[in-house]
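Same chain, two partners: subunit A is paired with subunit B first, then with subunit C.
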Partner chain A sequence: MKDEKYIELITLPGMVKLDEIPVLDYGGFSELVLGLLSLESNHCLNYFVVPFPGKYKFICCIGCDERKSVRVFSHEQERNEKLILPSLSCNHFPLHIFEREIHENFGIDFSGHPWLKPVRYPIDRHDKNRIMDNYPFYTIGGEELHEVGVGPIHAGVIEPGHFRFICNGEKVLHLEIQLGYQHRGVENLFVQNEHGVKKAVLAESIAGDTATGHAVCHAALMETLGSMAVSGTLSLERTIALELERIAVHIGDTAALCTDIAYQFGQVVCEALRTVVINTTQSWCGNRFGKGLIRAGGTHYPLTPEIAGAIRKNLEEVRERYNQITGRIFSMSSVLSRFEGTGKVTRYQASLIGAVGMAARSSGLKRDIRWSHPSPAYGQLNYDPVVINRGDVWARAKIRVLEVEKSMEMVFQFLDLLDGKSENTLPVYKSDLMPDAFAIALTEGWRGEICHCAVTDEKGKIIHYKVKDPSLHNWMALAIAVRGQEISDFPLCNKSYNLSYCGNDL
Partner chain B sequence: MIALLLAIVTAFFFPGIIVRVKSIVSGRKGPGILQPWKNIFLLLRKGSVFSTTTSYIFRIAPVIYLATLICAIMLLPLPGITSGFGFAADFVLLAYLLALGKFFFIIGALDTGSSFEGMGANREALYSMLAEPAFFILFGTLALLTGHLSMQSIFEQFHLSGYTSMISGMIAVYVLIQIAMIENSRMPVDDPKTHLELTMIHEVMILDNSGFDLALIQIGTNLKFALYGILIANILIPVAWAIHYRIALFFGIQAAFAMSIGIMESFRARKKLVKNPQFIVTLSSIALLGFILSLLIMYQLIL
Partner chain C sequence: MFLDEFIIYKRHGRQSVPDLRSVELTPLFRGRPVISADITTEETLKVAGLCPTGAISSAPCSIDLRKCVFCKECQFALPGKIAFTNDYKMAVNSKEDLIIHTGQDHPLTLDPGKIRKEIRSLFRHALKLRQVSAGGDNSCEMELNAAGNVNFDMGRYGIEFVASPRHADGIVITGPITSNMAEALQICYDAVPDPKIVILAGTDAISGGVFAGSPALDRKFLEKYPVDLYVPGNPVHPLTFINGVMDLMGIPKG
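Entry: the complex of A and B
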């Protein structure tokens, strides 16, 4: 019964011919989606619409942790101005974001959807009359309540986003987050730009702090579609780059958390350590954020034994100093009183909103692509993710400390596996892609699961490209975290997630 | 008048020393001692921009804030030097001059109609209200110990000699330092460095002030430190010393005060906002402890 309902991709990144994806009717589709997602080991990786002449093709990818696979299936609907489908979000809430996105882009209505709130107000949205300026924010009446609007211009120098709080005194009753101010049309640019270099640079620019994460995911996707072989050495080098990014960002976030609670000593020490890590990446590829390092098919910057030695030396130094400072941070009563119990998201809430990556793991939910769908080279290690079942700011700070330790251990092991070898193949920027195919690639960026999907036409040209940054799911976690908290703790909660605005806005 | 002169000199170096100490402690070189004042002079040369929602209240608030502080400082005696304005229970006037400045500061912030500034004003009003009892209980204790009511005679009679005065002196200095930290919106109650409006107290109230007005407020804030510094100096400096020793010790105390703020702020995290009121109320209880202790010592309380 199972074989005709979905196609299962065992190896990732995976590819399948478009006509091999089973097409179900909407009733069967709903039943299958809800049936699969009733197990917690399954979660929806992506659900999107590919517009074809005369029809919409809805492709759904469900990740299965137990079988380390991805199940792909679809349903098709006629192109119709007034298409209404029964919403699946009421039965499985994590789907809400996908349905909202589809509604926004194609005007397809999902009846019974709890809140078809715009995701990002894209340029090519279906209903051009609804713009950010006339967006009706959620309101609650009452004499004692007041609204606080923050943004879209940020008081610091980070990205724009609008946060609207409904408060009773200092207590937050509700937070509505509206993003989309940075929409650049990334997905369309992937379709328009045919040259490999442009695409690679674009992938690095999806979210500036996850340059390596998105670049690895994109490169894997292009290699799959272009049927390029990837050597073990190249996989190892990419994995090391991914882990270096994770270490750098986690240490930087530890510093930022200290800044928000005004603990200067922790801040300056961690900031200095982050610099050491990103400078190590710079000594490897010339860019502190690893831009230019990851390219499909090969690399311009082989990991020579000298660079490997430098990575090992620097990381060992950082490890020692980071352990010292975090030992101090996590034993200070004034720090702990800020971290503990603040911004709690329970395991149930995390699973309800479909949290991914670090946000999920700090709430006790074991969700890690490195463990469930290991690629590029994580399969070579016996990796088991760190999970903390507390869900407060303390957990999100602590998980960073533990993951840095784990990542460093992994980098050392990968360097051992590399054993002085380095990749000398040059990147391939022009390759013939498989025609009429659908491909999916998954990577665990430092924030969580990154998913890139592409669909090609009969000439092997990409006609649809889909990017999913972990922030898309996790912004909801922030909104939940501040509920019932003091409004003055919002910045701390926000920093503890450190979500991407542009990763959501695309 | 001499108090005002010394206060201005103190205020000139005070913020710079704090910033410099914090920089050095964190392994950085840091800006020059006078950089905060260079910024103020830069602001003084600029014009102010006013939001269309504000009224004249917003415009006069900074001037009144600074004026009340200057008046308050002129009221202060120095060790062995009279202010010329002293009278019985003049510390009540001192407290309410500060409160008047704060009142205008708060309604000025509310006048902008910004939800942030309303929040900040709310917090500032609450904290000042909670800190007030500590101030009065402290002066009550000193008045009880010395048997005088004007600040001039209180400080003249109060000597740090013997256990009783040592204990009350220590309590007085501790409470004054903490009140100074609260009133100047420093750690652990507020964080002057933060850029996050939602957690700010003092900083968020001056978000709409710019140019000249902002400079006035910053001068006021610096003078406020000096005001508390003078009170602390009055308790610590022996009146019997020669005048130049007294002045040297005065500046020594101010420098030590600034440096200790810099160091204290570097090695601790800020309190959770909800815990601040509790922390401030403890100051009153410490002051009250001193008061009861004095009553016992003076045999005025029969148990």
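Entry: the complex of A and C
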């Protein structure tokens, strides 16, 4: 094992002793990363720094679709104010966001990085002189051009973020997105709070619209570090909750897309259907977003046969009515003329920026944790994701319709597999976790891959917690999508991605 | 073609909740809690240690809904002694009223003496609000959007969210108020014409919730201005919000 360049985790969520992660020199590390990532079936799940006294440990996790595994390896550097490393982003652009994050947090310079800009202005950032007010926006000179600044507060009831457009007339030449307004210090709170319930509630609040997704990922991580076994029943119940979340958000987004093109009929019908789905979740666990449902080791809310019956009945009703309205939406020329060709991101661009989840799949890139790294529940179904090659707003609207159908089918299959059984183990809030360990968990939330990693010390206390929301990658897709578009199509493009601000800002 | 629309329309039917005051939510909904009068000190200390936000005080036992994230762990640990009812009417204008004492089981209401006179006279028939998310996790924001949707339709009472603070009569804050958002919140508040109201929606906004104490927050804004309505919840349920605002405006019934 000592001679290996990486350690391969076959079962996920995975755990490894910290000292079993191979430590390479930076040259060997670069060669290995770039070698692995030259295959499209591999992609970087996470690359981050764990600070130790006197040294920085850079941990890199590469997901391998073919082997359904995660390869983990690292390099270490002395803690030094003026540490400079040659950037790997020049050779493999998707790494850009990880290097930016590391640079912002620790001040480590990546020479040759094309875009070493702030990610979220965290409270413990290295350079306190970098403040929200002096973000280094890209500028283009010329009398013909003008800039448009939007936000942080937007017209609707949504989260804050700042968008800076450079336009030539109505046409957008460039969009730069400045985030960080939502930064609450989530990762630090995971380290400071040893309180198990608090960590679970915190996980649900990373992005409240993906409460189930993040909670499932966090619970899986805690179970791995706490050596807790999860029954097949619990795994199935969680997966049903995840799919219900996906169905609800996708239907809500269909409504919102209709709003943005002023098709009110489509909007109100889909809004009402979303209500049915989230109220179904509420009748299961008392919360419309599934908060409180997912806990490590067990659950307070077993999926009883009555609730299973209600889910089946409601979904059948919603399925029929959603098919009716989307059939109508996608046959109207006035809808199609706004959706088709708008905000196009090509497959090449999507792979270049490292898009994940729905944003990748609507541009023809097959990225789906349910397929590439399936949990036991998904593994039973031979799930194959929906992929659309067009990359425009139409594709991002259509993929929602197709995924709702697919998710409903899956929920019905999962309910069949449950066959009236329900989980009867209660949650376990463990504080004695595996000491000196590194653990990683992956979940496909409705936006895309969610990755939580944790590192523990010799007493089994968490000393580093890393959250990655899919939005971290996908915000760049939105910036690319609006290039060359009318600025008036920005709201439509934005909604078609519906990315998370707080998931990025943490 | 229009036949399709007609078929969908017929199937869609009337979606709005007829009376927003008398909806009965699922019994599992986590609303106003009730603490049994015979809860012992040992029991209280046990659940106080379990509470993720320190919302439970001992001697005598109380649950502070300013801090409560409605996870219901205390009820699971002490069934029969603590019970979260499905009463969603939890909005108040006096924050001390959010502390639930042992044996207390009556609906939470607004203190009429504390409602500024101009609020009702000016805004009763049309209240335009500007929402500011300051670290909100997007669940409260989605529920506030839902308050105006086809089901809850608070627009029927003239209550509406608007885009510009210049058009607004007040602001609704969600989220624990991050340092990075503090300035924008102040600018937005200043841009709202007087007289104006402030509503805190969700536990995160009221106390910081699970984020309380994080150095990334800056809650000084709340020390400067009076708050007209506190709406607890994680997230706030649309009915909690709408009923609270209707009470504040003095709107009697549907």
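Just so we're on the same page, the second predicted complex is superposed on the first by the 501 of 506 C-alpha atoms of A that agree within 3 Å, B and C clash if a C-alpha of one lies under 4 Å from a C-alpha of the other, contacts with A are read in each partner's own complex, and residues count from 1 in each chain.
We adopt the following convention: contacts are C-beta pairs under 8 Å (C-beta built on N, C-alpha and C of every residue); 3 or more make two chains touch, one makes a residue touch a chain.
Quick caveat: nothing in here was measured; it's all calculated off a predicted structure.
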**Request:** Record, for the superposition on subunit A, whether partners subunit B and subunit C clash or fit.
**Result:** fit
**Request:** Could you look at A:321 and tell me whether it touches subunit B, subunit C, both or neither (first, second, both, neither)?
**Result:** second
**Request:** Applying the touch criterion given at the start, work out whether A:289 contacts subunit B, subunit C, both or neither, answering first, second, both or neither.
**Result:** second
**Prompt:** Touching A:122, do we find subunit B (first), subunit C (second), both, or neither?
**Reply:** second
**Asked** So, does A:261 touch the first partner subunit B, the second partner subunit C, both, or neither?
**Response** first
**Request:** Based on the superposed arrangement, let me know which partner A:338 touches: subunit B (first), subunit C (second), both, or neither?
**Result:** first
**Asked** Put subunit A at the vertex: what angle do the Cα centres of subunit B and subunit C make there, to the nearest 10 degrees?
**Response** 60
**Prompt:** Looking at subunit A, does subunit C or subunit B touch more of its residues?
**Reply:** C
**Message:** With both complexes superposed on chain A, which partner does A:229 reach: first (subunit B), second (subunit C), both or neither?
**Reply:** neither
**Message:** Quick check on the superposed pair: does A:185 touch subunit B, subunit C, both, or neither? Answer first, second, both or neither.
**Reply:** second
**Asked** Could you state the shortest Cα distance, in Å, between subunit B and subunit C after the structures are superposed?
**Response** 5
**Prompt:** Which parts of subunit A are in contact with subunit B and also with subunit C?
**Reply:** 155-156, 265, 268, 272
**Message:** Quick check on the complex: what are the subunit B residues that touch subunit A?
**Reply:** 22, 25-28, 115-116, 118-119, 187-188, 191, 193-199, 265-275
**subunit A-facing residues of subunit C, complex** = 1, 4-5, 7-9, 11-12, 15, 25-26, 28-30, 50-53, 69-73, 76, 84, 130-146, 149-151, 161, 163, 175-176, 178-181, 183-184, 188, 204, 209-211, 214-217, 234-235, 237
**Request:** Spell out the part of subunit A that touches subunit B in their complex, as residue ranges.
**Result:** 146-150, 155-156, 170, 258, 260-265, 267-268, 272, 332, 334-335, 337-338, 342, 486-492
**Fill in**
Listed in rising order, the residues of subunit A that touch subunit C in the complex are 121-124, 132, 152-153, 155-160, 180-185, 188-189, 195, 197-198, 200-202, 205-209, 211, 252, 265, 268-269, 271-272, 275, 279, 282-289, 291-292, 300-301, 321, 324-325, 327-328, 331, 426, 500-502, 505
